[in-house]
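This structure is in structure tokens; I'll ask about it shortly.
Going by the order they are written in, the chains are A, B, C, D, E and F; count residues from 1 in each one.
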Amino acid sequence: MSQHAMKLVVIVIESVLTDSLIGDLKRLGATGYTVTEARGEGSRGRRVGEIPGDNQRVEVVTDAEIAEAMLQMLADQYFPNYAVAAWISDVVVVRAGKYVPGSVGQGISSRSGAQSGR
Amino acid sequence: MLDILKTNLLSPIVLAFALGVAARLMRSELRLPKDLYASLSIYLLFALGLKGGVELSHASFEVIALPAAVTLLLGVITPISSYMVLRHLGRFTYADSAAIAAHYGSVSAVTFIAAQTFVTSMGEVPEGFMPTLLTLLESPGIHIALAIGALKVRSQRSTGQTLHEILTARTMILLVGGLLVGFLMGGEGWTSISPFFEGGFKGALTLFILEMGIVAAERITDLRKVGAFLLGFGIVMPLVHGAIGAVLGSLAGLSVGGSTMLAAMAASASYIAAPPAARLNLPTANPTYYLTASLAITFPFNVAVGIPVYYWIAKLMQG
Amino acid sequence: MLDILKTNLLSPIVLAFALGVAARLMRSELRLPKDLYASLSIYLLFALGLKGGVELSHASFEVIALPAAVTLLLGVITPISSYMVLRHLGRFTYADSAAIAAHYGSVSAVTFIAAQTFVTSMGEVPEGFMPTLLTLLESPGIHIALAIGALKVRSQRSTGQTLHEILTARTMILLVGGLLVGFLMGGEGWTSISPFFEGGFKGALTLFILEMGIVAAERITDLRKVGAFLLGFGIVMPLVHGAIGAVLGSLAGLSVGGSTMLAAMAASASYIAAPPAARLNLPTANPTYYLTASLAITFPFNVAVGIPVYYWIAKLMQG
Amino acid sequence: MLDILKTNLLSPIVLAFALGVAARLMRSELRLPKDLYASLSIYLLFALGLKGGVELSHASFEVIALPAAVTLLLGVITPISSYMVLRHLGRFTYADSAAIAAHYGSVSAVTFIAAQTFVTSMGEVPEGFMPTLLTLLESPGIHIALAIGALKVRSQRSTGQTLHEILTARTMILLVGGLLVGFLMGGEGWTSISPFFEGGFKGALTLFILEMGIVAAERITDLRKVGAFLLGFGIVMPLVHGAIGAVLGSLAGLSVGGSTMLAAMAASASYIAAPPAARLNLPTANPTYYLTASLAITFPFNVAVGIPVYYWIAKLMQG
Amino acid sequence: MSQHAMKLVVIVIESVLTDSLIGDLKRLGATGYTVTEARGEGSRGRRVGEIPGDNQRVEVVTDAEIAEAMLQMLADQYFPNYAVAAWISDVVVVRAGKYVPGSVGQGISSRSGAQSGR
Amino acid sequence: MSQHAMKLVVIVIESVLTDSLIGDLKRLGATGYTVTEARGEGSRGRRVGEIPGDNQRVEVVTDAEIAEAMLQMLADQYFPNYAVAAWISDVVVVRAGKYVPGSVGQGISSRSGAQSGR
């Protein structure tokens, strides 16, 4: 079972923005995402919205390059005005192709192979 | 007038709100489950629409035309007057002024229901088509305020997107959809579902308002942050808009009950439809301002004091 | 016939479904909270069982025996006929044919309720033990279809496991348990809880169906994927099963109302009990096929058009 | 006596509990959604408070004084007797004895409602101020038991903190708040909301108890772990407390219905307010003991057998 | 406070399968697990079931060997037919014994010590 | 876009303790936290409380020192009596200042720079 090194991007964001965020993540190459309901506090305190206090936690497994681009996009478009926290960590997956755009199913072995070789 | 006020203060709605506030101030852990709160709001809006639709099926076009026209007029006046006052007297930023104006230009359905409950308990019989006016007043104010904002603050979002969001927002679909369903099914369909949608209405509202009290009280510490101007705005602006509403309603031929309800709509500030719209389209506006003003100042003011005042004005007008 | 259809199309149930579909097509964010949807389904099934149990306590065994027998017969016929048509005419894989057949061999409780509402509004008085027949028809079809599937597709799961899952599924426990509780408590117990379980029933159903409309409309884009054959199957198969049900019901001595309801059961496709069973036991079957067919084609067809047709057949039979 | 027992065993409440137990023992996946369970408990407690408040507004102080005094007395007796028995006869640790005593010193609102339903169905008319007594009995027992525990087990938490938590717990706010709101709004306000809070009450309770049956049955495997002593304690202690309650109630001038309800309160063990308090303040106590005893032993015992027994005692007393 | 290197296995799966998955994880040696409700999209699009769109997110802290076995099991039994995503990352815990089968309470210091020494 | 190495502390705890835990985490220097509803099993089996079976999952991004202190605090005050599981992993963030006490907004570049240099 060959394993591949990928990145896990976790973004906690006020719910009202989730749809727009997911659109942006897909544009950058996310092939999937998982969302869970969350609540929290940060530098902006409790959150705004119809039911105050609500955040959502979005996580995306993707490759290092796209993960980088996602953080950059967040820093440009979301951090200045909105309540967002984000972090990246290293993860290992079995089917790398599933998490890289344009290769669902096949597996772009050269690229992901290089990563898993780190 | 004092008598009316006292009766109103001892109504289930006002008492439930006060209980919610008290629970929060005592730092109780009491909260309605999130899904219950959302469910109650869906139920209340849909019930409002259905009932309104059934009654609309009995009304003729001529009777509604003039009230509908003044309602739309109020939808233009209230966001602009709010913006002007906030920007020029209050010296708020463009974004903050527009965002708060979006709230006061739209309408609070719960205030509407509170007004309906109040006038009915006063023996008035408001027009059956009032929920139709409610839906007319829901969105124009938000659009106008956001448009003013967009002129002044660079926005990355298209007008079409915003328009779509507001017109398809939960509130809109439930109210307008409810009106249509109610209109089409008529009295017979209504009989079978009214034990659920009418019988349970007041009680469900009481529970909903309990939670609103808790949420409003959470913002009480923010009252200091919003400053004296906004505090005054949250009380005086509704009185002005309410008075205009009561007068225009009476001139348009609405009954005392109907005029009071129109006044309450004009005076009320949205806290369901407007906040997400403001958050998305005017991200630099401070949510503390608009949420605290509409939810922790204007809503309780209207429910406890404003509505009886508008009623008194409407009576004076038609007396 | 056209008259009946028109009345039916303006019933709260059909209108609420249409509103849900419309909301979704307009890409509104409206959804019932997940827990509300689950709560409504628990409430509706339990209420159905309770009421049925109370009425069952007044019925004698002889009256039920024959209707029960034809119901079980329908539980054998419908999955087999569905499988045959799908596999041999439609050329679906073994797994897909069996999975879809499991849905059409079982029954949709909401369609049952819609039929009950419809015939009652037509002035019919269906037999009080109909919910008992509903529970009889719930599971055999699923088992038969999955058994056919298991013969053809290697399965890693034991029959006992599947049997247990289906017999202890939420739907089953609420219906059968409700029947038992209702039966044992009798009329007196029922009086105390009927404002909740009977008074609120139709209204709660309306809200539930609003969400069903939204969910069904989400699958509308999948209609292309399922192909013309399945689209036709989702309309013609119910008509066939419904006709058989109306005829067998009438022969077994059921009233026009009862026969219509039995027909609606036979014609309906499960979308609560069958999907998880199919997913677990026939993992290679494509869920898009069975969910779209039962939820987006057959359910609305039955509620809008099918039920009046089965009523018409039952009337002809007993005319 | 046997007749009464049989009627009681066929009541919706007992049957719904039994259904929940059966569903769980059959390893069904049936569970109420978490938010529905929480919503029903909020609804039931608030409705109880509101109704009680409305009736309280008709009662005079003198009538309540003596019953209130014996209620407080019971709030002192029950935790101490429980602690003594558990520590000295049962040889439980300090922490376990205190934690279990906190549960038996407090009260179960659902048992209260079950008793109310039972005596009403027996044709009794219990005093309208019984919910007031319920709120009086809710917290003292917990405080006394935790105080005993704190003397023996080093605790890191301040008494003030614990006191605040218990007094502002959801249960308390809803009951006491409901009483106040009901008292202030009086009969007129009640009329408008009673279809929701009174009409739906029994049915909602039935659904709630269905889930309690499921939860209780989850603990049945724990019955072995708690041992024979606690099993006996969970049945004998309620009988003793119930007998004391019925006698004291009768002496204080309560009707047969009221005395039965007071007995049921004294006999019942809290499983909503007490568990978190015990968990936080006596972390070394084993939750399996107190949860299993109160929920899986004492609650069903009281509802099925205890309440009729207390009724019988109260009748004997008042001959 | 001695710390130990362990693995965190995260599995996002359609809800209908959670119970069966947890059984399989326990059989492989999971001593505990945590489940949260989630929703998401992936290569198979939105999810099937009574309430469409629902996933659950299962996470298990365990040792490297068992984590490997879990991925293998997923690849064999779940990936072919079901909607599942899974990834592994490195975590540090204080009480390693808690997360290794057959040693709850005691602490199998040699083994977990070896791991933390990596 | 400068990136900084931080620690992610994840704590799964019985719900009744969440408020008290969050207070303790803030005292140790957490500048934010995210909570999600969870359920699970561990060495103590299913969980206690008003609605049995409920846990909450608290996650905090913070620096290594504070993360260490959090684990220590858990080991001292929570592990002995309560149902808790906790683990730490490495994450990368863009705005380190956001996650370090006393520097919200500014960014204490020297300190976080040192960390990211590891």
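FYI, a contact is a pair of C-beta atoms (placed from the backbone, for glycine too) under 8 Å apart; a residue touches a chain by one contact, two chains touch by 3 or more.
Small disclaimer: the values here were computed from a predicted structure and weren't measured.
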Any chain in contact with chain C as well as chain D: B
Minimum number of chain-to-chain contact steps, chain A to chain D: 2
Most widely separated chain from chain E, with each centre as the mean of CA atoms: B
Chain copies touching (chain B, chain D) - same or different residues, decided at half shared: different
Between A-B and B-C, the pair joined by more C-beta contacts: B-C
Per Cα centroids, the chain farthest from chain A: D
Centre-to-centre distance between chain C and chain A (centres being mean Cα positions), rounded to whole Å: 41
Distance between the centres, which are taken as Cα means, of chain E and chain A, whole angstrom: 20
Approximate Å spacing (C-alpha centroids) for the pair chain D, chain F: 38
Contacts with two or more other chains, residues of chain D listed in rising order: 33-35, 38-39, 195, 199-200
Contacts with two or more other chains, residues of chain F listed in rising order: 36-37, 89-90
Chain-to-chain touches, reported pairwise for every pair that qualifies: A-B, A-E, A-F, B-C, B-D, C-D, C-E, D-F, E-F
Interfacial residue positions of chain B with respect to chain C in the complex: 33-35, 38-39, 42-43, 46, 164, 167-170, 172-174, 177, 180-181, 184-186, 188-189, 192-197, 199-200
Residues of chain A touching chain E in the complex: 1, 3, 6, 8, 31-37, 61, 89-95, 98, 104-105
Parts of chain E lying in touch with chain C, wherever the complex brings them together: 14, 16-17, 20, 46, 48-52, 54, 81-82
Residue ranges of chain F in contact with chain E within the complex: 10, 12, 36-43, 55, 57, 68, 71-72, 74-75, 79, 85-90
Touch list for chain B against partner chain A, complex: 34, 37-38, 156, 215, 218, 272, 275-276, 279-280, 283-284, 287, 291
